[in-house]
Amino acid sequence: MPKQNKINLKVNLGKLTLKNPVMTASGTFGYGKEFSEFIDLNKLGAIVVKGISLKPMMGNPVPRICETPSGMLNAIGLQNPGLKGFIRQQLPFLKTLKTKIIVNILGNSVDEYIKLAEELESLGIDAVELNVSCPNVKKGGIVFGTEPKAFEELISAVRQRVKLPLITKLSPNVTDIKLFAKIAEDAGSDIISLINTLSGMSIDVKKRRPRLANITGGLSGPAIKPVAVRMVWECFRAVKVPIIGMGGIVSSEDAIEFILAGAGAVAVGTANFINPKSTIDIINGIKSYMSSNDVKSPKDLTGKVKC
Amino acid sequence: MPKQNKINLKVNLGKLTLKNPVMTASGTFGYGKEFSEFIDLNKLGAIVVKGISLKPMMGNPVPRICETPSGMLNAIGLQNPGLKGFIRQQLPFLKTLKTKIIVNILGNSVDEYIKLAEELESLGIDAVELNVSCPNVKKGGIVFGTEPKAFEELISAVRQRVKLPLITKLSPNVTDIKLFAKIAEDAGSDIISLINTLSGMSIDVKKRRPRLANITGGLSGPAIKPVAVRMVWECFRAVKVPIIGMGGIVSSEDAIEFILAGAGAVAVGTANFINPKSTIDIINGIKSYMSSNDVKSPKDLTGKVKC
Amino acid sequence: MSRLFKATVKDNSPLITDHYLLTLQPLEKIKRPSPGNFFMLSVDDSLDPLLKRPFSIYRSTAGEIQIIYRVVGKGTTILSNRKAGDTLEVIGPLGNKFPLKKKQDNIILIAGGLGIAPILSLAESVIPPAPSLLKAGIKRPRLKDKTNKMMPHLFYGARTKKEIICMDELKAIGIDPVISTDDGTFGKKGNIVNVLKKFITRNSSNISNYSFYACGPEPMLKALSPLSAKHKLNMHVALEQNMACGLGTCLGCVVKTTKGYKRICKEGPVFPIEEIIWE
Amino acid sequence: MSRLFKATVKDNSPLITDHYLLTLQPLEKIKRPSPGNFFMLSVDDSLDPLLKRPFSIYRSTAGEIQIIYRVVGKGTTILSNRKAGDTLEVIGPLGNKFPLKKKQDNIILIAGGLGIAPILSLAESVIPPAPSLLKAGIKRPRLKDKTNKMMPHLFYGARTKKEIICMDELKAIGIDPVISTDDGTFGKKGNIVNVLKKFITRNSSNISNYSFYACGPEPMLKALSPLSAKHKLNMHVALEQNMACGLGTCLGCVVKTTKGYKRICKEGPVFPIEEIIWE
């Protein structure tokens, strides 16, 4: 019988230490509060909150979401209360938690990202995640995430101004994800996270209209998992910075798949909508996988797929 | 009551006229024969056969396929009997059919593509489809499909040597599919078809091995439909050449979704594996949709999504 | 009393074409739902369909919850094939409820199509069902306001006679609805909003004593909007929108209001009609 | 007699832990399956799981087909929840069959785990089941070779006693198998190939009169390969591989042979063992 008590779920993502490798994916967990009735938030590796911009953003008209085979499209349009609103409405609650708080940030210019990162650092946030890859908003992140030069400049600029762990979230809508991973690493990103949503579209054939008011949206959920795992695996072999893997994780097996492909930690997104206890179920599942396979630390699994 | 008999399913894809807009996707219908016990092959808009290279190809070791949520990964490795084998073993049967025969071709060099296209033209094949986007084989198509310059040279070179309708099949594993659509159009491709499979990977967490011997494979099936529809819609607004849409079509609603997004015709792939009668069911479904919506020709639906 | 629970299908029977009454027995004690609340239901364990589906509470007693649903797509088709004994995962009760005034004088209910389900639930919460119904084993939901003496008026629109449901249940609480059908096969022909319009015109003098509660397809609610504005009605409407989480986290289900986007699953589904900005 | 048909679940009962016997009644007349053939089954109508799953024919009579399956993943879990009366879509019979010689003298059957299902099907095709079994309503499959007089020998390996199945059926046709279990809980302890090895050594003089048919997990078949080569046995094995189409079109299910890749669903699943190049 393997002994459960030898297992330590702690992971170090460079300077960022998490009590376990399971975090939430930005935009799928609100600011945490709504899930506290279902799970003990302190059991999470980290909470990554919904993307925050300097000024409040209204978001897109409805319909903003629709279901697709084993997936969903969303075009929320980055609705958020802005930095001040976040600090006033959400931060006090988050500050009471005993888990790492990571803020996903987005801006229309390098300056906005810098301001956000600096302010959040001064507030004691544990890490910021640069959302350079959200495919929903025409301005905002999109140019940064798929254009190597703008991408490099953004990360370098933010890096020079803050010390806190900097996570860059990669867009999968590119020809070569390794290229972006390497740029992020070279520009000083401590961690990369991937994947954001794949750009997609769905049409209601009765109405002959797009199912989303925004026409296109971001595809998430189990449907995209094979693409996400492949990208994590490619990036793991291309860079040395730790990787946060995500895209379609609904079970502990899915999470372990990402870890074997090269992820140091994983983020659970769409699954939170299906089962608000997903994150905890996944933590427990990883624990028992490690226990029955005599794995002492998640890092002993990272990138260990035998090819 | 709308009258069924007014409906004409015929579509013109430039010089290529099909009796209806439903064709088969290369690699998912063999060389047609195996399906003749289930459906009347003559009822199809066109048959696109499995990719053919100049010399026979062995293909990859097994496992070559695995299932993923609402999709499947394949790394067949382009196994095929080569041009001569195709001519000897498959062409005689195909020649007896009263539907368009399109041959998907692949090569390691521009010369190979040219030889294949010329020979097939001389054999009276109705069109060739350039497989420049198959993500399975490291040499072969992959460089052409994601590298604009090689892509342009290939299409131009083949175009100069053959008169038959030339279809270029686009890879979805690119940052900007419109760019490739435009290059294909400018280089003389009569038609573009999309999408080929998305590059993906799946890991067996028990064995800690990739589920495919080739490690990565091509993702197909309903899971990829939102990505495919989005790309067809983008290309429709970027180019004038007709578009063959595919990626996850399993029902007539799916087919109509592609047509509304901008496809002049559609190809059914993975669905043939699930239900060998899929193509015919889809043709009948399109017919009744047209009938109950009083649509006279599929072209009246092409690109007609109201955005 | 977690709002995430499993429930056993006790019964899942067709009411009329494409409409089913689903009776669920939660496997644990759940929070008591109020009229206007809804539940998110997993129709099965598969990844397709992926998301839970929202359904209004129709009726609830101690050990059971009932919903009425119409088969419109993939999820509801699968749901209609679930059999007694099957287990489903449920989140709820979710959302706000129809706000009843402390001293409720005159209640006007407006239901379009399946909107009758939550509206009936509201009606039953203000009037006790007749003993005959109680005898049949169906418990009357808790009376919110004991001082209420008035019978609610109900305006009920359906597409056609065959789609009119819940008439026995209405009878049991003594409600005799004004009915209209789009095709005139039952009651008045045409839109229920037009029928209501006449009622309001007739009673315009004391209309401010009335509280209006409406649930139905968006075009109906939209048509109520100018009417309500014109007569300064005290009206609440229950809205629908595609939902992913039902918990207020995905921001998918918003509606534009005079106070910005609000989440239908959280601040709603019931809103004062004058707040809604129809698109 | 299309090879694409719907079938009703007549029965779907657990045999032993995780193993089920599924009895299907095709809704139309189907092609008669032979031992070695398989069917592709849709476990449900959803897009997840997407593909049909291959299962060997275990037994077939006029109006029914039976398969034995083990729950190993998503598809077989869903299949185990299908109830009598449910309808499944099926393609088949598919693939080739075990080739019996015209004048069949000595048949040696080798089954590992669930490989017993097709092997029993083969055994029943060469020997009539005893009257007791016939009385129980189970029809004997057509006798291929009336001249056959010999009783096949069966070597049957299982992981543990509890996983040994079909013993009654074997008895009914008079077969008394040599059994081994990995854990020694029944029969000889260890690998069935080792047991067979001793038998072959003992009978090495006239071994060329025997025909060998094997079905089981790949490691077992692989272990048979050198044995077969050494004694120049006339051996056929039934292989498995992930399948998408079952029709020979996807090229997903190949096996490396001395004549290049062959499709297990089309040229197989039964191959002369000496053709296989194990990887």
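As written, the chain order gives the labels A, B, C and D, with residue 1 at the start of each chain.
Here is the rule we use: a contact is a pair of C-beta atoms (placed from the backbone, for glycine too) under 8 Å apart; a residue touches a chain by one contact, two chains touch by 3 or more.
Computed from a predicted structure; not experimentally measured.
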Centroid-based (C-alpha) most distant chain relative to chain B: C
Between chain A and chain C, centroid-to-centroid distance (C-alpha), Å: 37
Geometric centre distance via CA averages, chain D-chain C, whole Å: 55
Gap in Å, rounded to a whole number, between the CA centres of chain C and chain B: 47
Residues of chain B touching at least two other chains: 69-71, 221-222
In chain D, residues with contacts to at least two other chains: 47-48
Overall pattern in which the protein chains touch one another (line/ring/star/complete/other): complete
Complex contact set, residues of chain C against chain D: 44, 46-48, 78, 83
Complex contacts: residues of chain D adjacent to chain B: 2-4, 42, 47-52, 89, 91, 241-245, 247-256, 260-261, 279
Of chain A, residues touching chain D in the complex: 69-70, 222
Chain C partner contacts - residues on chain A that touch it in the complex: 27-30, 34-35, 37-38, 50, 58-59, 61-67, 69-72, 74, 76, 79, 221-222, 250, 270, 272-277
Sites on chain D touched by chain A in the complex: 47-48
